[in-house]
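The structure appears right after this line, and notes come after that.
By written order: A, B, C, D, E and F. Residues from 1 in each chain.
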Amino acid sequence: MGKKVVTFGEIMLRLSPPGYERFVQAEKFNLVYGGGEANVAVSLANYGLDSYFVTKTPQHEIGQAAVNHLRRFGVNTAYIARGGERLGIYFLEMGASQRPSKVIYDRDHSAIAQAQPGEFDWDQIFTGAEWFHFTGITPALGDGPAAVTLEAVKAAKAKGVKVSVDLNYRKKLWSQEKANQVMGGLMDYVDVIIANEEDAEKVFGIKAASTDVTTGKLNEAGYRQVAKELADRFGLEKVAITLRESISASDNNWSALLYDHQNYYRSRVYNVHIVDRVGGGDSFCGGLIYALLAGKSAEEALEFAVAASCLKHTIFGDFNLVSAGEVQSLAGGDASGRVQR
Amino acid sequence: MGKKVVTFGEIMLRLSPPGYERFVQAEKFNLVYGGGEANVAVSLANYGLDSYFVTKTPQHEIGQAAVNHLRRFGVNTAYIARGGERLGIYFLEMGASQRPSKVIYDRDHSAIAQAQPGEFDWDQIFTGAEWFHFTGITPALGDGPAAVTLEAVKAAKAKGVKVSVDLNYRKKLWSQEKANQVMGGLMDYVDVIIANEEDAEKVFGIKAASTDVTTGKLNEAGYRQVAKELADRFGLEKVAITLRESISASDNNWSALLYDHQNYYRSRVYNVHIVDRVGGGDSFCGGLIYALLAGKSAEEALEFAVAASCLKHTIFGDFNLVSAGEVQSLAGGDASGRVQR
Amino acid sequence: MGKKVVTFGEIMLRLSPPGYERFVQAEKFNLVYGGGEANVAVSLANYGLDSYFVTKTPQHEIGQAAVNHLRRFGVNTAYIARGGERLGIYFLEMGASQRPSKVIYDRDHSAIAQAQPGEFDWDQIFTGAEWFHFTGITPALGDGPAAVTLEAVKAAKAKGVKVSVDLNYRKKLWSQEKANQVMGGLMDYVDVIIANEEDAEKVFGIKAASTDVTTGKLNEAGYRQVAKELADRFGLEKVAITLRESISASDNNWSALLYDHQNYYRSRVYNVHIVDRVGGGDSFCGGLIYALLAGKSAEEALEFAVAASCLKHTIFGDFNLVSAGEVQSLAGGDASGRVQR
Amino acid sequence: MGKKVVTFGEIMLRLSPPGYERFVQAEKFNLVYGGGEANVAVSLANYGLDSYFVTKTPQHEIGQAAVNHLRRFGVNTAYIARGGERLGIYFLEMGASQRPSKVIYDRDHSAIAQAQPGEFDWDQIFTGAEWFHFTGITPALGDGPAAVTLEAVKAAKAKGVKVSVDLNYRKKLWSQEKANQVMGGLMDYVDVIIANEEDAEKVFGIKAASTDVTTGKLNEAGYRQVAKELADRFGLEKVAITLRESISASDNNWSALLYDHQNYYRSRVYNVHIVDRVGGGDSFCGGLIYALLAGKSAEEALEFAVAASCLKHTIFGDFNLVSAGEVQSLAGGDASGRVQR
Amino acid sequence: MGKKVVTFGEIMLRLSPPGYERFVQAEKFNLVYGGGEANVAVSLANYGLDSYFVTKTPQHEIGQAAVNHLRRFGVNTAYIARGGERLGIYFLEMGASQRPSKVIYDRDHSAIAQAQPGEFDWDQIFTGAEWFHFTGITPALGDGPAAVTLEAVKAAKAKGVKVSVDLNYRKKLWSQEKANQVMGGLMDYVDVIIANEEDAEKVFGIKAASTDVTTGKLNEAGYRQVAKELADRFGLEKVAITLRESISASDNNWSALLYDHQNYYRSRVYNVHIVDRVGGGDSFCGGLIYALLAGKSAEEALEFAVAASCLKHTIFGDFNLVSAGEVQSLAGGDASGRVQR
Amino acid sequence: MGKKVVTFGEIMLRLSPPGYERFVQAEKFNLVYGGGEANVAVSLANYGLDSYFVTKTPQHEIGQAAVNHLRRFGVNTAYIARGGERLGIYFLEMGASQRPSKVIYDRDHSAIAQAQPGEFDWDQIFTGAEWFHFTGITPALGDGPAAVTLEAVKAAKAKGVKVSVDLNYRKKLWSQEKANQVMGGLMDYVDVIIANEEDAEKVFGIKAASTDVTTGKLNEAGYRQVAKELADRFGLEKVAITLRESISASDNNWSALLYDHQNYYRSRVYNVHIVDRVGGGDSFCGGLIYALLAGKSAEEALEFAVAASCLKHTIFGDFNLVSAGEVQSLAGGDASGRVQR
């Protein structure tokens, strides 16, 4: 069993029509469970770490099924609180070609959204831990979760646990003003930040000049500057920015950039034929955290993280069900997809 | 197109694991949409009436899919209001043999639960209508829906529309005290009441002596007295009581009793091998309303209603997808189930 | 490879909604291929005989798929003619409990319905054959198929091939008058007849006194008399009558009676919990033909045939996919259904 | 409820093996219902118009299921006649890469193919209507349907209803000579014509010089000339030609051209990754009719129609289940397919 | 987390055709993982105990999936050895009515069948444990597993861990002579034995007079004597005998008998409508072990175990996915199967 | 019925998770049966030849299902021996984009792997035959199968039957040394050899200079030289080399090269969007054998074989379910994938 790592956030029931059916056609839903930090926890468990996911789920069988889904893929669920009325739900319609995927959230009033400070024993949770990860979604769930997140990062810092955050701005959950204020307060405790092309601007007003995400054109110089500005403003150790060029709902170019105060690293670009795009960013975070904990260099860690998230796009569900060996093989250069017998 | 009939209430997304899978096993959910009054509306549409269902659903595609599900089976959805945040959900696990079916409700904060008086134009809705039906679930959804229900029954009465109610007590939605008070206030406008073995006691404290529903033994004399007491207390035209003897989750005996101030009628008893038990009571209401509107005698109407609901137990989903001819054939005595070529 | 046997008739595409779904609910159809004589051919192939099915199917892929379905289960398709426009189709909705199964036929204008005398080389077909079987459905398909059937039975007789017929009256295909006339003309060439409770009356006006099939009550004495009358009128070697008591669409009692001019044999009665009732009579024919060809006594052959058809009721599709050993085990008395490891 | 629009034609049961299975592999069929004019009716209902589809379907449950399928997606089915023996069927095998999709028609003898003049009350149907649409398939179904179509266009013209036709030549249904004669007779009543690359030549002998559809190379100048010739010969208001470059069964380039006597407009070209190609042309017609009725300019209407049909290629089934907003968003330039949360 | 319990044996991949399909019809297999002792481990985890399953599975993904399946349902897999070539497989065809279920084993050469003494650290495994359970299948897998089992029971005894065995004779795995010798050697370390109607005779030659399992008739007096003889011969604390009356593959009567040197207890008899009969005996063991560890009386423990296994028959897969509360509710008398809302 | 052709080898049960699910996600397996020589036999049956597949399968129903799968697609199974314990199994996980497909073999101890010389009557088998095909997999299954293969090629040669081999090196089955020795011994009897880019090097040490299969770059000159060297060393009539450029698991370029001592032919290159890549090489062999038997020129035969295998990549399962006409149409130049109505 590897090093102890902890993530904290919401896990939701995800319901998606089969194949490329639209919501109004569906007679069945495929169901999985997922959420930003839960997805990272599964990645880390797959890579062999002793991975804990902290959340709150209702006592009933739907809550239990979420817990079982995590256990199945090796996540330790011992610190999950049970209570509240409902599990958050999101409905996902898979896009194709020029038709975008659609997400309908039904996550209000969930058990974790109503969590309050004092419900989790962070001291026990962080005993022996080496890394703590959360995303910008968790504090956006409500004042309770925001306060609990602050509790958590403080406790982590006090125990010398490294802290990472994926900015992950969600406009349906909070305003940019609120995000700026709450996230700003949490940044004092953060060591590593991961963001996508838009997050830094939405949350902190740090903007890459002249990039329009709907055209898919990227402006690398602009993102370098965003990374540097984030690192400088918040005294961060590392800043990673994922770069998605969306050619269509079926095909994306995927790469990332890492800044460590000394160098800017730009990863290989993968042209990905998409099976399931959800959790792409989370799988990058999982890859990066694992690689850094495993002592890889910044450049290697970036390539590992991008390869991990490239593979995620080929796997149904929120979770990135790949081994470190599979990621390493792709990061090492074999992208031919030849059958392995 | 037959006579205009109106029902009002909640329609929910129903999610059930395939076959007899337990919630913790499910990787897929079958999805249908249903709810007490929506189910009655579909029955009435199937029988050829001009059937309207009134509710409120969110603007998003899940709300639209619920509307489409009603339209598919012939219900007129022109009076459905659109708005609110979410559609109520219920999870259904199918029981078998000694293992009971399980329902987990996730219906709080639904669009209809937050409806307020004034949102529906009852005057227009009841123009030309001959029957209005609701259940005890609708006022139990909250003070808003309770007030809207009162609005509706008053408007119906004012237009000379016949009003029926299915008591349908749900302990998870309100206390017996609250139910007694709210339902009592609505009974002034009701002409026909339908109840199951337990409802009269739970809502109005009217109890059949010595019947234990978990043993499946029925006490017919006791139910006659309950029917009479209900009819007398509320000045009702007719009282129907459905009688379920639960031998197991797979096999039930099903019959009913009708009292019309002159006679007590006891229907034939069907030994039903269950495909989907949900909506059994609703299909009884649909059968009874149709048969009474069609001018059948009390006795014939009772037999039609019981035969209709017998058939419902053999059909997946909340809706009773049978024609009047099919019901009539069973009510007329052919229960042999021989292949129809 | 066992003795050569030949059957002749129609094979149709059968489309049925999954589980107990009604037609108006279906989003998928399960598909198999079947038809009276094709079903018998598969039974005989399963029992190890060299079984040929003769029909005509269109050249296109749906016609080919029907041929493949027969090949898969061991039927020799070498004599099947290819041509015509369409394959007959029937839609099947599975009943349950008091709700009957429903069949909608869409078989008009099929390739075989348009077959004409001269299209099949009966001389070659019957070379080396020991048994020929057809049903009353084939001549009912039209004047062409009726003429071809007459061609076939004459050729069979000329080659000394034993001939059996399953009366199988279908009121949607022809009138009782037409059936009487056509079937009467064919009976000169028949050695063994199989009929269900109603066929003899519908086709030949031979009626068992006072049996009402919708009540499920059987009148054994009446059926003995029907058997004798059939045997005497047409100079038959053996007459078998299958006896179905339909308790519901889910549960039937199933047995049969055999008359051989010397004795009346009544089989064991099986209480069958039904998986798929279609092809029940055909599987009886298949069992009877096999058992007689295998040299079993009349009584043993009857028990084998009834056991075979009892098992058919537990198997999805028209075909009775059982081995002679499995049938023998049930006919031999082990009906406990204990797991075989 | 928007403007009243009417379409008339056949709706068929469509049966397709799951995924990319070949016919001979299929154990299940996915089923939807569709047909050229029904598909247009659904598009128009989706866009908010008061959309009526006129046809004739059998009384049985398969006929009813087709009606229900239309109701589900908002089409008004009040004018559908019931009767006849069967619903037309088509079997669809989905192609992939270099393997083409295959369609096997089994539509002869359908209820609508046997319709005769006098069965539809066109006067009532066109009261209040603003647009009537049909395709070249309907008159090809037989002399009856051809005569009914003539009845319809005359009635439409008499009521001042705008008439559009999609040429849609089907070589399996009639010869080019017959098509030329019948379609020629109908063109007097037509205002707007839509055709694909081949239709004008097959039906009216109007040929674009030197284009080979199997190479996928397009000859825009040629199509301009075809459009002009069609417009001039029949005195049309507008002519639209859809242009498909078939790279493979999986990938097509899709665009269109519109001529309005003043200008030729050429739309944007979409590189489409195909989910379901059937109904592509119909969705173009639906988009064009809606856009013209909504008062968009010729150029805007063309772009709307092409965007609508681009999206159709990503949706399973014949129907184009998209909203006007979704089409507008793509026509407005966002083809990135980014997830919409 | 409750008391530590340990089971040891084989977990297999189980492949079963959907529904009641026969093997030769199957185009899909449902897959679960199961095996006697694994099934008991899951029962105990469900009841809240700290449940460990010990086995050996291959390193590859099929081996991993078996481990994940156990983790999902709460079993601790920390002591599972990884290695060997293959996971054992069994194919299961579900019977119905008079057609028996069929099992085809393909378990030779599995990883656990090739395990050797010394591969498991029993000392560590039993530290803190209170109960050890195995079945007669494990030593039947080969001389290696038999030796490992002996290692285990000795270690358990040495640590004061209570030991139970389910005799579970499998004629395909070994002869009665071999079973007698090996099981006899293990019995010195056993405290509680569970057997079905046939095991005691097959393994130890202890026979209940005149019971024929294929008739379903039971001879209670005979089984009392068998229990006493087992208890006396091997100095056992308790002997339980499960009693299955097989009416058909669809319906069984199920009960059990317990002897504790002082009394014979006979449980309630459940008439079970079967969903999945596999694992019925294992779920009895799980119920009995839990109830005894929970301090229930012999009589209560017997009723809990029978109720638990009654519920198992209603659940798909080998595992008994029920909570202690659900079992207690049935054992407490509510077998009505009424919907729980 | 065309010319008699024979193939010999193993047929396995293939189990694959639905869609792109990973093994650890699977709750169902799709099942087909396949294997190198069985796949060739099906191709040849599809093309109208009298195609026999020779193997040994267990008596049980899984063995029977494999036989039925072959019969369904027209292969003659009369020479298949029955016996042994198990059917070989392979698990297949479908890759996508950068994630490779994975195969886990569980084929040890299969019935055919334990076959011994003398079990097959090669004299009878080759009577009237014109071609015999096997692959390098069969002798790799064990010394028994290797000896039987030698028996077979000697018998074929003696009867003047043309012999082809597909080298198909499998590193999991044997070492390069063993392969070299055994295959070398068989080559004396071989007329035509087919190999992929790597086989010649792995088995015979004949290497194309500087080609790295993971980059997808091909070195045509190198492969010409490999073909010549093979032809010269073993005195072969023809050598074909398939050339796969693996762009990703979803997209491959596919072509081949043929050498006949006079010329080198290089086929057209197909850019294939992959549905199921397994059996690609086998379908090439099937196409080549058919085309040569049909008297096509070397160049035509090569194009036919490449077109056949291009189509295979679009078909689920191991078998190439295409007709000669479909292949010819693609080989003739129509790769547009336009719908065929």
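The definition used in the following text is that a residue touches a chain if its C-beta (ideal position, glycine included) is under 8 Å from a C-beta of that chain, and two chains touch if they have at least 3 such contacts.
Fair warning: this is a prediction, and the values are worked out from it, not measured in the lab.
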{"item": "Each chain counted as touching chain A and chain F at once", "value": "D, E"}
{"item": "Chains touching both chain B and chain F, listed by label", "value": "A, C, D, E"}
{"item": "Copy pair chain C, chain D: interface residue numbering same or different (half cut)", "value": "same"}
{"item": "Centroid-based (C-alpha) most distant chain relative to chain D", "value": "E"}
{"item": "Chain centre separation in whole Å, for chain E relative to chain C (CA means)", "value": "44"}
{"item": "Computed distance of Cα centres, chain E from chain D, in Å", "value": "62"}
{"item": "For chain D, residues contacting two or more additional chains", "value": "22, 24, 27, 68, 73, 102"}
{"item": "Arrangement of touching chains [line / ring / star / complete / other]", "value": "other"}
{"item": "Contact footprint of chain E on chain A as seen in their complex", "value": "68-69, 71-74"}
{"item": "In the complex with chain F, residue positions of chain E that touch it", "value": "15, 22-24, 26-31, 60-62, 64-65, 68, 85-86, 89, 91, 93, 102, 104, 106, 108-109"}
{"item": "Parts of chain D lying in touch with chain F, wherever the complex brings them together", "value": "19-22, 24-25, 95-103, 105, 170-172, 213-216, 246-251, 277-278"}
{"item": "List of chain C residues in touch with chain E within their complex", "value": "73, 270, 272-275, 307, 310-311, 313-317, 321-322, 326, 330, 333-341"}
